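Structures given as structure tokens follow.
What follows is a pair of complexes built around chain A, which joins chain B in one and chain C in the other.
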Partner chain A sequence: MEAIVLQILSGLDGGSAYALIALGLTLIFGTLGVVNFAHGALFMIGAFCTVTLQRLLSYSHTVIDESQKDFLGNPLKVQVPYIQDWFGEAAANTIIDWSVPLAILFAIPVMLIIGIVMERGLIKHFYKRPHADQILVTFGLAIVLQEIIKAYYGANPIPAPAPDVFKGSFDFGVLLGFDANRIIYPYWRLVYFAFAALLITGVFVFLQFTTFGMVVRAGMADRETVGLLGIDIDKRFTIMFGLAACVAGLAGVMYTPINSPNYHMGMDFLVISFVVVVVGGMGSLPGAVLAGFVLGILQSFASMREVIEFLPGINQIVIYLAAIVILLTRPRGLMGRRGVMEE
Partner chain B sequence: MSFSNLTRRGLIQTGAVAGAGLALPTYLRADGHSGYTNAPTGDTVTLGFNVPQSGPYADEGADELRAYELAVEHLNGGGDGGMMGTFSSKALSGSGILGKKVAYVTGDTQTKPDAARASAKSMIEKDGAVMITGGSSSGVAVAVQSLCQEAGIIFMAGLTHSNDTTGKDKKANGFRHFFNSYMSGAALAPILGENYGKDRKAYHLTADYNWGYTTEEAVRTSTEALGWETVAAVKTPLAQTDFKDYVAPVLQSGADILVLNHYGGNMVNSLTSAVQFGLREAQANGKNFEIIVPLYSRLMAKGAGENVKGIFGSTNWHWSLTDEGSKAFVKSFGTKYGFPPSQAAHTCYVQTLLYADAAERAGSFNPCAIAEALEGFEFDGLGNGKTLYRAEDHQCFKDVLVVKGKENPDNEFDLLEIVEVTPAAQVTYDASIFGGELGTCNPGA
Partner chain C sequence: MFGLNAKDTRLFFIVIALVAFAPFLMNPFPTDSAMAQFNAGYPDLMQRFVIFGIFAIGFNILFGLTGYLSFGHAAFLGAGSYAAVWMLKLLTINVIPAIMISVIVAGVFALLIGFISLRRSGIYFSILTLAFAQMAFALAASVLTPITGGETGLQTALSDPRILDGARDAGGNIPAPGLWGMEMRDSAEWVVSGWQFTFNVGYYLAGLCMILAFYLSIRIFRSPFGMMLRAVKSNQQRMNYTGLNTRPYTLAAFVISGMYAGLAGGLMAAMDPLAGAERMQWTASGEVVLMTILGGAGTLIGPVLGAGFIKYFENIFSKINDNVLHQWFAFMPDGIEDFLVTIVHPFVGKGWHLTLGLMFMAVVIFLPGGLVEGGQRIARLFGRKKKAADKETDASKTPAE
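Entry: the complex of A and B
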């Protein structure tokens, strides 16, 4: 029982990342009809927004400390962050410690701009082209973006720890009445799950209860008719692209303490996220979220030692097996709508 | 009357043979004058540096390339000479190799065996490289070593830690200076016993490829000999990025030690997950739970940040060593690039000097003469104390460093502290235990 609870918990935070990326993918596909293979790169850029902010906050001037030596035996050059000069050491340390949550504020405008520039500068030229062309161009763009990041930040992972207050883990099992030390779970992963739930709710509320969202939903259902009503639906869809980029970017920002950011992290999520979208049902936002969590939990169970010993290699293929079974039994996915990507 | 018996068929046959001959790779044509592949004919000799310039180990590859460039500079008489001044052999004089100026070409292994073979092949065939060296993966090392054997070229391996490189996949034309999984296990076990006791239950997470298997086997064998019990060994996909699903059940397994047989990004991510899940602070079986990383790299430790603190592992070399050779290399490298060299940079630099020295002592670039000069060669002054290039398997035997993530680093490079220098005798094994056949040297002729 403890193992089951633990794997469900473990699946929830993995599912959170899948759900957030798949949600953005579905938003773009549902509004613009574009299969965006650069979406994983947006997740990665979000993570590097954290790294960038961390570096900006740590931007330093050099002070020579004669009492210490560097690795060559020369007087040590100590880097003193400018914010330490401005706010004092304690305040500076607190600000740097909280750089991951602060990066949310930094990433929102950055990701919106990147999303809008991407859509206006490149992707709009491929709206009327076949999906294969869209996949090729967005996949190419993803490679370009990750190579740019690698050229600037290097290939090694860069640590971006959570604030001290969220470091460590707590005994979830004791809360549920199990023995101590049986179900240990990191604080930050719970924060990530809560953040994902909040963000997903926010997107649904925005689409469901605002005029802008209503127009977008109408445009998703029948773009031409909405256009005939004199509404500039293209402009709204561009903003939706920016919003989807923002969702992916924020998912990346908050993911950094879980896994140190590296240039390849977007690609690691991309394929699975597409499976999530297909399993959830092309164009279905609730489907993407549901499939994200279902597949996350399924993958978690398939990674159990007992399961791997019984079915070696199942941990590597379970998501694809599940996709095959679901698509055979429900060809439109869990919550797919009739007419989406169908002749 | 005709003096020619040339027929249309004869012309086609002759043309085909001539065309095939011209199309043959350089190394298969075998230099008729020298008797070996790519014999240098001008006043330069070309070395091929095959390192990961793209992909996940690109930073490690960049450090290898820096070391190679430094080695070439020193061989050609530039800079401060680095370890040439501390090397026990005095055959190198700073005037190139055998009077020829050292030039080099580079290839990108991408940390993929196929890509690495293609880039090595190109450097041999198109650029006339007389030796290939470098790499950051055992899969790549084994693949390129095999190519060099066929081509009649010496391969001086870079960072490769699997037992197989000089075990079941060893080749007469291949040489490894870097240590291996067996040595890591043999060096680590006594320290682990001293620090964690002999009644321990270990849980292994192992990268699902060749290096992971040999490392798990080495650590299991050496720790079980101590009295430890292995409660589980789980293979993790090489492409895994989040190890939560593998780390979360560890505490429930009854284990009190987690061994992470991972390298590179895998190591950074699995260690991060293990620390997040509270394993560093946990208690199990009435003892403090402990984590072990058998193979450390400073570059990777940097990626894992403060998570490495207090965690034991092993390494081939570390910049904080205080022997004259290490000091000379760190000074040379640090002055040129502004930061200390990694263990990958060290082994690549040393391999280049060892190759050049062997050529000087052999008086030839013939790979078989160089192999003969390297086999059984004993040397000192290159940072690892007295070292033997064992003739039977072309593996270097030298002291191994047991290190621990430093609790209070003095600077950004000060991530690992040396806990013990394990003597070479303690990590030496019988050359036959890993199988394989060295075969005979191939000069390419």
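Entry: the complex of A and C
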């Protein structure tokens, strides 16, 4: 029982990342009808927003500190971040410590701009082209973005630690009435899951209960009619693309303490995210979220020692195996609509 | 000739000529000139051109004709490679049985995967093939280590049984794959006043295979079977409503293209008897999709062009480093030289992916039909003067729908 709870819990954070990326992919596909292979790259750029902010915050100048001496007896040169000059030492340390959550604020405008520029500059010209062309051009774009990041930040992962408050683990078992120290779960993963749940709810609320969301949903159902009603649907879809980029970016920002950002993390997630989207059913937002969590938790169960001993190698293939089984039993994924991307 | 019409025959002979004279065509610059960087006439790269050409031709039979986008084709290439290396280990160092068994194994593998995957169409089919290939990759890299050599890969060893060879190769070296006394890595070199041409045994074997594969693909494209596959692409539903079961046709196309991939994998193993799991990874499957679309899906010559394009730039750009750049720009004043080197630096050497990505985007944005369409446009631009060339590209371009 404890093992099961633990596996479900540890499946949640992987599942959250899959669900967030898949949600963004489905948003783009459902609104614009574009298969965006650059979505993994957006996730990666989000993660590097954290790194950028970290670097900006710790941008410093050299001060000669007379009170400290180095081993030669000369005054020690210390690097003082500019924000320390502005806010004082304690505040500056707190700000740097909290750079990952702060990066959310930084990433939202950045990702929105990147998303909108991408849509207006490139994707717009590909609406009428075959899906294969869309895949190819966005794949090219993903490589370009990835290489730019690599050229600037290098090929090594850059650690971006969580705030001190969230370091360490949380004894979840006690809360549920199990023995102490049986179900240990890192705080940050809990935060990540909560954040993902919040973001997903936010997107659904936005689509379901705002006028803008209503128009977008109408546009997803029948773009032409909405256009004929005098609504500038293109503009709204562009904003939705920016929003989807934002969701992917924020998923990346918050993922940095779990996995240090590196330039190929987008590609690593991309393939699984596509599997998630398709298993969920093309064009279905709840399907994407559901499939993300289902596959994340399945993967976590397959990584249990007992399961691996029983079925060696299952942890490597369980997502794909599940995808095959689901697609063979449910032709359009978990919640897919008829006739979408079936030709 | 050979059951081809005049246009196809001409195209076929052009391909034969290109393959036969590649060592000259790929080496247009003298070895010691600054442009020698752009020479591609060394055996390793030429082998890769034709092998990936075969892979892409096979992929095109499935994707170009039926429109089914398989995202797991590298699995067949990998399976073919493993089968070939095992043949080299167990039976004989001669490459013929190895290549034959690689085609058969890949065909059986494709039959299994195709039988299941072809129950779905569109993106669902793509994801099914992707899932199978990723599973094959993950298993080959981990659990199946006794068969596949795991992450180090499968290679020939001195202690291999090699039943047919007996004690013939009992010397101190691991025998290299060969063909009745010739080794695949043997090359004849011909030096003519600064130019150096290399004629490699392995290259010509692979080239011969590619010519045969290309011929077969022309015949498939022009056959009633090919017509049926095109009908599937344009409207499968209508085919089904007329009471025709399309599954056997698509499955046959899938298996044929899997066998092409197996042939490519077998040849790879024959050139260099090492098979690794990374050959099955999705990036490898993605590469062949890129090659085919970049060259022009559904055209005869397109996939070969695409394969050549990608492999050429991959090799050439990754070879160029800062020293080479300084050499090129040496005639300029120092300041400008350094400036130019700094500008070009991110695009070459380790950054060649960036250039490749930009090229993909450029080709897809400006040439929707791939490189073949580019060729057609150029031919049209020159109008009557290049009428002959125009016909060639027309011959290679078959209607997409």
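Keep this in mind: the second predicted complex is superposed on the first by the 327 of 343 C-alpha atoms of A that agree within 3 Å, B and C clash if a C-alpha of one lies under 4 Å from a C-alpha of the other, contacts with A are read in each partner's own complex, and residues count from 1 in each chain.
By our rule, a contact is a pair of C-beta atoms (placed from the backbone, for glycine too) under 8 Å apart; a residue touches a chain by one contact, two chains touch by 3 or more.
Predicted model, so just to flag it, every value in this text is computed and none were measured.
Student: Per the contact definition in the header, classify A:Pro161: touching chain B only (first), chain C only (second), both, or neither.
Tutor: first
Student: Quick check on the superposed pair: does A:Leu6 touch chain B, chain C, both, or neither? Answer first, second, both or neither.
Tutor: It touches chain B, and chain C stays clear.
Student: Is A:Glu89 touching anything from chain B or chain C once the two structures are fitted on A? First, second, both or neither.
Tutor: neither
Student: Taking the superposition as given, does A:Trp188 touch the first partner, chain B, the second, chain C, both, or neither?
Tutor: first
Student: Mind working out whether A:Arg332 is in touch with chain B, chain C, both or neither, as first, second, both or neither?
Tutor: second
Student: Which of the two partners, first being chain B and second being chain C, lies in contact with A:Tyr320: first, second, both, or neither?
Tutor: In the superposed model, A:Tyr320 contacts chain C only, not chain B.
Student: Contacts for A:Ala132 in the overlay, against chain B (first) and chain C (second): which applies, first, second, both or neither?
Tutor: second
Student: Jot down the residues of chain A that show up as touching in both complexes, chain B in one and chain C in the other.
Tutor: Comparing the two interfaces on chain A, one with chain B and one with chain C, the shared residues are 150, 316.
Student: Taking the complex as given, what residues does chain A use to touch chain B?
Tutor: For chain A paired with chain B, touching residues are 2-3, 6-7, 9-11, 13-14, 68, 70-72, 76, 150, 154-159, 161, 168-169, 181-182, 184-186, 188-189, 257-260, 262, 264-265, 268, 299-300, 303-305, 308, 315-316.
Student: Per the contact definition, I'd like the list of chain C residues that touch chain A in the complex.
Tutor: Checking each residue of chain C against chain A gives 67, 69, 116, 119-124, 127-128, 130-132, 134-135, 138-139, 141-144, 236, 282-283, 286, 289-290, 293-294, 297, 346, 351, 353-354, 356-361, 364-365, 368.
Student: What residues on chain B touch chain A, complex-wise?
Tutor: Interface residues on chain B, with respect to chain A: 54-59, 232, 234-235, 237, 239, 241-242, 244-246, 248-249, 251-253, 265, 268-269, 272-273, 276-278, 281-284, 299-300, 302-307, 319-320, 330-331, 334-335, 339-340, 410-411, 413-414.
Student: Which part of chain A faces chain C closely enough to touch in the complex?
Tutor: 35, 122, 125, 129, 131-133, 135-137, 139-144, 146-148, 150-151, 267, 271, 274-275, 278-279, 282, 312-313, 316-317, 319-321, 323-324, 327-328, 331-333, 341-343
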